[in-house]
Amino acid sequence: MDTGSGTGPEKVVPLREGLFHIPASPDDHGYLIGSKCHNCGYIAFPPVLVCASCVKEDTMRECRLSGKARLDRFTVSHTPNIAVEAPYIQAYVQLEEGPMLYTLIAGVEPRADALQLDQPMEMVIDKIRTDEEGNDVVAWKFRPAEG
Amino acid sequence: MRDVVIIGVGMHKFGYLPHVPIKELARVAVWNAIRDAGIEAQAIQCAYVGNTAQGALEGQHSVRGHVALRTGAGLSGLPIVNVECGTASATVAFREAWIAVGSGLYDVALSLGMEKTTSGTKAQRQSSAAGAVDVTSGDGGMGLTFVGVFAALVEKLMRQYGWTEQQLAKVAAKSFYNASLNPNAEYQQAYTVEEVLQSRVVSYPLTRLMSCSARIDGAAAVIVCAREAVEKYTSRRPLVDVAACVQRSVPFYDFRKPETREIVYTHDPSSVMEAYKIAGAGPEDMELAQCHDAFSIEEMISYQAMGFCEPGDGGRMIDEGRTALQGDIPFNTDGGLLARGNPAGATGTAQICEVVQQLRGEAGARQVRGRDGTGPKIGIISNAGGGPVENAIGSLMGVVLKR
Amino acid sequence: MRDVVIIGVGMHKFGYLPHVPIKELARVAVWNAIRDAGIEAQAIQCAYVGNTAQGALEGQHSVRGHVALRTGAGLSGLPIVNVECGTASATVAFREAWIAVGSGLYDVALSLGMEKTTSGTKAQRQSSAAGAVDVTSGDGGMGLTFVGVFAALVEKLMRQYGWTEQQLAKVAAKSFYNASLNPNAEYQQAYTVEEVLQSRVVSYPLTRLMSCSARIDGAAAVIVCAREAVEKYTSRRPLVDVAACVQRSVPFYDFRKPETREIVYTHDPSSVMEAYKIAGAGPEDMELAQCHDAFSIEEMISYQAMGFCEPGDGGRMIDEGRTALQGDIPFNTDGGLLARGNPAGATGTAQICEVVQQLRGEAGARQVRGRDGTGPKIGIISNAGGGPVENAIGSLMGVVLKR
Amino acid sequence: MDTGSGTGPEKVVPLREGLFHIPASPDDHGYLIGSKCHNCGYIAFPPVLVCASCVKEDTMRECRLSGKARLDRFTVSHTPNIAVEAPYIQAYVQLEEGPMLYTLIAGVEPRADALQLDQPMEMVIDKIRTDEEGNDVVAWKFRPAEG
């Protein structure tokens, strides 16, 4: 994967800034960027500015998320839309840090028997679409955890 | 707060109406409500207007209600407040009208929900729908869909509770049947369980006919009055009491706790429970119910969330016909979001129009009889607006009306 | 209605802040207000949020306040109502908070105005501005501008009253001077009358420095409390009374009548006059005033519209320094829309923040002294939102605050 | 002026439908379409559905406006924008039927001495801009009345 250092047509751009790290090399790992309350330990993704649990100013700090999750529920969708060809899988995964995320699933056939509820999942930075300038727009997806 | 009653309701028929401008939708709903209330238009002292899409689709920002009421309905001079909160927009408008009259500041207030989603380009419509969640949260633009949220949920609940596709389809077929008896509904035709099941699968297990239409227009208006001032304005009877009107935004959920997940899976009932408490009545007292059924699964979840059965018993509720027009707790008697239609900004006041008509005994072919056979005396409405609850963004509404 | 007092105000500095997300603007304003009020954040029982541009510029519709308060300020669970009415949006939010507390439903309510107009594309920004009038009226897309509305008006009034360009520039220079004493203002520098006159002519006779900036961000929050419940929540003093808070939408104008034209040329004063009446105080009692001065001419018109001089005497008011910080009726002490800045959705609560700080004697270098030299005890705010009044679309606001 | 019957690049399209009539031939005249209350005589442009003066249902009827007006006030504007090159004149004219209209001025030099307050004006259907398909987008403007 080209990492966006060039200006060529295959530049990699994030779907949105500040929410995740795109691997800079084959040895690098992508990760999601959340926020953690140093008072109560609550972790939010996407990050929030004030802890909704403590409701005190200035307790949240940026943090990296492990990308480890379990599959909470999923559906095989049959209607293509602006960003996705059908069929595809939409799912909720719960990160081991707590947040519940609505996400696309990568790495499996879009079939009901491709996944099991509660199975371990992992985050992967993957292509979402090609933008008008020919760049790869990337964001997180989840896939069954390896090993 | 002073006691507040509903003295007039009016709608413009819901449907795919690309040639009807939003001003005309507003005019018809407002003037139907004025006539229904039996008041002079000038008696309306303030107005609250709910809408979600006109900014994105028509570039009409900032003064939507002002434009619709002044150039559509002919109302000027009075305070007009534009409010927005997804599918709860019109319920919020109604609630603010209730507060304004309850406060003593005004005797008579109008709430109007109006929506036109058949205008604009496809990209604008997608932007409008995507704008009901936190657009900076990152999942916008991925291709994730609202229907997927509920499809994934029902897939899980079917496993958990043993609910069947047949049961989901029965809920939808009931809604279409009710709508077929409602001249203001989007759908004017009943679909069978088989037709619902055989329609295109959108996102498993939800089919097209288990999901509300995306492109639909409509408007619904409700006029409220201070109970102590009613004689001054109108002789229209019966009056309908606003026994409770609750709004919460989605609370903080800690998904590390299993009980939080359970609440969220099955629709947070906190606003409805608070509404029962304020009204001094429980689900056992209710004689009809409207819920937020953009997808038919939501009605089955609402049976338990709103306190009408034990967790998981929703399938039995529909099988036994308890929520049909002739049942002991008729649900979505006008067809609900699914079949009366869900033009988001107008949905909340349409729900209120229906319960008011039922409580007055004016619901025609879809009139429910109530416990004692003389017509219902009390009903509950549940509504929500904004992103799915995991996003923790949006509002939850609970309203109890009684005669 | 119960008596309502203001217990806390807070702002995020106004300015060209493209790298500050709206959530951060909201967070800073809300938490400054919470700290100022000396309350627990959880004491806030409901919230009203005004904004005009986030739909058009960022695609954030339906749940703007929910997103900003939940993910920005950390507030969840409470009812949140998004309101929109052009430059009056935040005044409307404040007014609804006042009604909600006055009704007895809540003891403590937050109103927040927040705006970010430095995001989006140029086309989106134009759509956002154009959306504040009736977009179906036909003149949208012609290239007609807001500044032209006021330029044509002042050109006429200069002829009618003999007002000079020099006087217009004096008003602007006064505003920039006041802003230079206000750390939250967009402009932190004073411009001379000559600099104002020599800046580029936008639309004759208005120059760039007689017109507010189009691209500006900011947020301002106001927390209100029931007077009878204050002890329960905070020991913060002095309290500031909401003595009157009036909203009207633009009334029906019949331009065939010369008196109608006169009212419209010189800003319809009806909301301000009603506010005086409710407060039981007239312009002669006011010790400071904020008005809607998106263009410096509007302040000169407001001198007469708000009752501080006879028609046409606005030029003399500014020449005699009566509206300067040291004058007998200081106007736009924080720099006003022109120089404190006018991020439309945040303007109304910023006006309120300023009057509250002045009444409390906490306005620092720009503190006015009041009649008896001990600081002002009462002030008036005028604000408007939506299209120019000929369009008959929009709201007119009048607020009287007192200590 | 081509009147839009063809499908060629010079088709004439209205800025907005239902507000004015575009001359169909050189002998034809353009006019504005307002609404008139048959109860009180109030005339609105743009048209409204309910009379704001009577506030009764169903008193408004569509009506043609004469296009005759007087100049109420104007300004010479020096900032070009998406639709107009600078300098240009923006003005308020009052139609003889009552409505006050914010409008562009055609037919005169964009100078302060080109117009006199209260002078008679008349409506003209004029080109506003060229759209993406090369069509002439037209709408009303006002110019000094002839004769």
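Each chain gets a letter, A, B, C and D, in the order it is written, and its residues are counted from 1.
By definition in this document, a contact is a pair of C-beta atoms (placed from the backbone, for glycine too) under 8 Å apart; a residue touches a chain by one contact, two chains touch by 3 or more.
Worth saying up front: this structure is predicted, and the values here are computed from it rather than measured.
A.B. asks: When I count C-beta pairs in contact, which pair ends up with more: C-D or A-C?
C.D. replies: C-D
A.B. asks: Averaging each chain's C-alpha atoms to get its centre, pick out the one most distant from chain A.
C.D. replies: Max centre-to-centre separation from chain A belongs to D.
A.B. asks: For chain A and chain B, what's the span in angstrom between their mean Cα positions?
C.D. replies: Roughly 33 Å separates the two chain centres.
A.B. asks: From the C-alpha centre of chain A to that of chain C, how far is it in Å?
C.D. replies: From the centre of chain A to the centre of chain C is 42 Å.
A.B. asks: Which integer distance in Å separates the CA centroid of chain B from that of chain C?
C.D. replies: 35
A.B. asks: Using the touch rule from the top of the page, what residues of chain B touch 2 or more other chains?
C.D. replies: 23, 70-71, 76, 134, 136-137, 252, 392
A.B. asks: Would you please write down the residue numbers of chain A that are in contact with two or more other chains?
C.D. replies: Chain A, residues with two or more chain partners: 46, 52.
A.B. asks: Which of the residues in chain C come into contact with chain B in the complex?
C.D. replies: 1, 21, 23, 52-53, 55-56, 58-64, 66-67, 69-71, 76-86, 89, 92, 96, 99-100, 102-105, 127-128, 130-137, 140, 247-252, 344, 385-387, 392-395
A.B. asks: Can you list the residues on chain A that touch chain C in the complex?
C.D. replies: Listed in rising order, the residues of chain A that touch chain C are 46, 48-52, 54-57.
A.B. asks: What residues on chain C touch chain A, complex-wise?
C.D. replies: Its residues touching chain A are 23-24, 27, 31, 40-42, 70-76.
A.B. asks: Touching chain B in the complex: which residues of chain A?
C.D. replies: Contact set of chain A toward chain B: 15-16, 19-20, 42, 46, 52-53, 72-79, 81-84, 88, 90-92, 94, 98-104, 112, 117, 128, 137, 139-140.
A.B. asks: Can you check the complex and tell me which residues of chain C touch chain D?
C.D. replies: 123, 126, 134, 136-139, 141-145, 147-149, 151-153, 155-156, 159, 200-206, 252, 254-256, 261, 264, 388, 390-392
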